[in-house]
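Heads up, there are several structures right after this.
After this come two complexes, each holding chain A, first together with chain B and then together with chain C.
Our next item is the complex of A and B:
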């Protein structure tokens, strides 16, 4: 059978390539190029201000590995992920189940309300939340004190014990809508016949969900968990606007650590773009490795 | 030989056009008719180009921005140009200016990032001298007070690269208090400098009177530099003589050349902050707010005292003209005499002219006017004590009253010029470029002590002091490896009389 040459295949699909060209150029400029250059910069002792950059090999990586604050931020990033992803997955699923019910008349209204935080600018949310959680006339504290849940105001964002859980709570609230939409899409792939057949066979309530629906949507769950896990490791705008990593590093995750090292130095010292790039590359590789590991184990579970 | 920038690639060139277009469209182009006629702007000393153009200007805003936004439209109209002004927080300038320099979109006139030594900006080719654009510059420079323009600070290779229109004779940690709350607590806010015990007592009484509605003291705790600023200045007032400014000056005693972070005076200052917290006098939520937020809450009646700078005066006068407050000097430990605070030679808010700027004639003309007595008077009348005009004569003629006049009087009484190692040895600029602030910095240590995450003031300040010593030694070693001729002795000034100004002649004695 006649097999077309590569050039012929490319020529036949030329319109496809032409249409993906703009996106490819932008991807190259704003994704691939910065990634590549950050690998190179990570090998330099460079402030980012001057042309005086010295090649130092893997010294930046060695320094990062030996930096207590690097590992503390690393650890906090995963605390953030493990604290928010399960909550979002479970809550998002429960809400999706309710909103997927055709009998519920106001379902579109509730979907919109729950999705609205998703489309609100995250920096705005961060700033507004600092007022909401303020211990001085903040609505959250007023509600807690009015309902006698607390006797005095809680400094949610200023107390090292409460700052990370508070930011995690805001994160869950902000992005719950998107998890809900993922689950809704997954649930809507279950044919109505399945529900009808299950009813006839007497499988209702929890039995229906555990034995029939969940196994069908499990492949989607794997993807949703992976996507949510990666998203939870990218929370810079929210944390920077709410706490800037404080108080005293309590909410400093890896991205805030990298930003602080790269740009925000006290008066009189230069930033360290080379070192920040090394921390960023290390973090990126770690996330990639952990994501791959997750994916591997999820697929194993799926086969079982 | 300087290496060419090997990181310029075509992507940046492509983006240059888009960014430049965006920048022109985005920022404040103020209609020239808005404030017509307030300033008597003289004709230029020499003919300016008639081709017009757009001059872009960036600085750290605040009260400076208030003045520039009034002056720029009139100046622009008088010269047939447009002026685009960006007044941004230092955090943004520290990021934007280096990036803009690298991609060729930097403003014509800008302030360099706080964490950058001016010598580095000159050596890297970021800026050009003002000499070609300020007519009769030598005569103009002679009109400034002695010590404003110095080699290694704003002059390099015999040319003037940085222009200072404001003095650095001010502090940012004055005691600003509500007259009403202080009076109710039994204190006269006009009585002058308070002791630590008095501050604590006043704060306790204000808190008791407030009954949960207002508190004795507030600070923008989320903005870490405020902690360091307070402890540094209070420590100096208490007697831990040290410099101010960047890492190679701040917290260093020029008597011994060593850091004074673990001094009794610094510890006492930290202890005061912790006592204000343990007394219950601290506004709840200080850790959740930055300095502008804390400042904004004062006229709303949230607290009785704040340690802040004279820039609050203009802001409060605008936002809460009926609120009565007093500015006073920093408090002093009980039983101690207040010592002077030391500033380095030179002015502040130094303005630099971009190497590639085509608007040099106009920038030079404007800056020249602002350096004259009339320009300085105009400045002083609007900006007041927030960024004092560099000319004391102009300040006196500006007719300032109230808190502004009080603040300026305080600064004149409390501040002296101290030694500046970089004036003695230019190679310290290389040390500054190599220096890296240790983690955690003093600011973060104080914040950690305040939140309780760190325990033991003495232990933590001693450890912090050692980290700073090690960091400076490391920076010196790296600078020496690059050929700099420096040693720790450059920070020791045996002829420093802490009760008088350290003038230019003193450096010659060394």
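Our next item is the complex of A and C:
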């Protein structure tokens, strides 16, 4: 059989190109173009609302690297990630193991309940949680005081020391249902004979889990960790609605920092889209780097 | 077939009971914040802060009236509904067509295309939001719903494309070949043979996009900064908090208006929610 020329191949596939066109246009506009443009914007001194954009090279980057708030937000994003991902992975796994029991008649009900916060609008959760954790008779403080766990109300969201752990706790609560569903899917891939053998052996021991089940679900664990890690870096709506980065910037993660420099004007200052883009590019590259690192690690483990 | 490791033996009634009760208590605390806001939406301001109880003394429906009309949540509700419905249609049609081609055909440039798509999966929204805002302003779309709709539809196509591609690639070739014998062309095969088979994956993708469009915050808050008329529910409640911060019960009612439709949808279509979520790691 002779090989067709490239132009012939392209002509033969004309329907294919027609079919991918609409989605390609949308993706180009709202995914690819923004990625490219934020590189360009990051080189401008530009407020975003006027046309007087000035090309200033890498000055925005230099400024970001020298800004204490930038690095604080940068580190805080990673604290957020390292503080929430392990908790979600472990807690989600334990819950999934229990709810994977067919005998547990209420299992579907529990799954529904645990998944419920996942479908609830994140901005609403942020706002409702400011009520729940309010130091003025908020339900969380009411409960703590009624059970004599604390003598006075705790200002969960008003104290720089408690604000980040509180937001992290809410984040885990909000998204744990997804982690649980991932794990339930993973447990379903364990071969039936392993389960049967486990049943015959009584399946009581923790040994069984560590020696047999865990190795089987490990490849899943790596994918789950990757997905969870990246989503833990995208927490803008929750933090913006719960604390807006406060008090005194103590819960300001990277995305809140970008939003603040880009769109929120303190008295007398102009928004700075160019600078915010530089921070965003820096951030995007960092996230991409982590993803690549984890992808590399993933392949290595899968090969073993 | 489902597989289960039943380490809770049916014979062992005590263990069974203990685990069930522990989970029941856990579930109650888990769901308490949502029950709390539901009950707060039907209480007076005074009652909200007076105790932990969930049953209102008297059902104060006026809270909903204040939120729906006074705080404009009615308008925001329809904005959100329009954005969600139209963006779901756009997403299903465009990513479905894309996924079909990727899943069943090979053509020059396919590998590069897939490579580009995959590399954008983990791009944070905070990274693209500024150029998106600028692009919509340049196109004069930043002041109306249309801009918000297409930006919502174009924001995250990759997972949907992969779901469609995976599904289409598993449909047996024989079906298609029989149709080709009968002289059916590319388009007719797609419409007559393929489309009728895609209901489950269309449902899954639709649900995921409904969830995304209804609950999205960063994009609508940025687009509607200077234009309150096109706010979505999430942005509306957020603005409500800034404007009428002492109307607790009204805010609770506005919150319920926002979250209840999706929770009800979830309860009825749970299967597709779960498939959508799990599809992301299985793939």
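Keep this in mind: the second predicted complex is superposed on the first by the 267 of 304 C-alpha atoms of A that agree within 3 Å, B and C clash if a C-alpha of one lies under 4 Å from a C-alpha of the other, contacts with A are read in each partner's own complex, and residues count from 1 in each chain.
Here, contacts are C-beta pairs under 8 Å (C-beta built on N, C-alpha and C of every residue); 3 or more make two chains touch, one makes a residue touch a chain.
Treat the numbers as computed from the prediction; the structure is a model and nothing was measured.
Visitor: Kindly classify A:51 by the partners it touches after superposition: chain B alone (first), chain C alone (second), both, or neither?
Guide: It touches chain B, and chain C stays clear.
Visitor: When the two structures are overlaid on chain A, which partner does A:250 contact: first (chain B), second (chain C), both, or neither?
Guide: A:250: touches chain B, not chain C.
Visitor: In the superposed arrangement, which partner chain does A:69 touch: chain B (first), chain C (second), both, or neither?
Guide: first
Visitor: Thinking of the overlay built on chain A, is A:272 touched by chain B (first), by chain C (second), by both, or by neither?
Guide: After superposing on A, A:272 lies in contact with chain B but is clear of chain C.
Visitor: Please work out whether A:158 is in contact with chain B alone, chain C alone, both, or neither, and reply first, second, both or neither.
Guide: In the superposed model, A:158 contacts chain B only, not chain C.
Visitor: Quick check on the superposed pair: does A:84 touch chain B, chain C, both, or neither? Answer first, second, both or neither.
Guide: neither
Visitor: By residue count, which of the two partners contacts chain A more extensively, chain B or chain C?
Guide: It is C that touches the greater number of chain A residues.
Visitor: After lining up the shared chain so the two structures overlap, which partner does A:60 touch, if you call chain B first and chain C second: first, second, both or neither?
Guide: A:60 contacts neither chain B nor chain C.
Visitor: Tell me the contact category for A:224 with respect to chain B and chain C: first, second, both or neither.
Guide: Touch status of A:224: second partner only.
Visitor: Output the chain A positions appearing in both contact lists, the one against chain B and the one against chain C.
Guide: 29, 33, 37, 48, 130, 136, 263
Visitor: Where on chain B does chain A make contact in their complex?
Guide: Listed in rising order, the residues are 2-7, 11, 14, 91, 94-95, 98, 113-116, 120, 123-124, 221-222, 224-225, 228, 245-250, 283-289, 297, 302, 432-437, 439-441, 443-444, 447-448, 451-454.
Visitor: Show which residues of chain A lie in contact with chain B when the two form their complex.
Guide: Touching chain B from chain A are residues 29, 33, 37, 47-52, 67, 69, 130, 133-136, 138, 153, 155-160, 243-244, 246-250, 263-272.
Visitor: Please output the residues of chain A touching chain C within their complex, sorted ascending.
Guide: The contact residues of chain A facing chain C are 6, 9-10, 12-13, 15-17, 19-20, 22-24, 26-27, 29-38, 41, 48, 97-98, 100-106, 109-110, 112-125, 127-132, 136-137, 139, 142-143, 146, 173, 178, 181-182, 184-188, 190, 192, 195, 198-199, 203-204, 213, 220, 223-224, 227, 230, 233-234, 236-237, 240-241, 254-255, 258-259, 262-263, 273, 276-277, 280-281, 283-284, 287-288, 291.
Visitor: Could you please specify the touching residues of chain C with respect to chain A in the complex?
Guide: My answer: residues 1-10, 16, 19-20, 23-24, 27, 30-34, 36-37, 40, 49-52, 90, 93-95, 97-98, 100-102, 105, 107-108, 113, 116-117, 120, 122-135, 150-151, 153-155, 157, 161, 185-187, 190, 211, 214-215, 217-218, 221-222, 225, 233-235, 237-238, 241, 248, 251-252, 255, 258-259, 262-263, 265-267, 270, 273-274, 277-278, 280-282.
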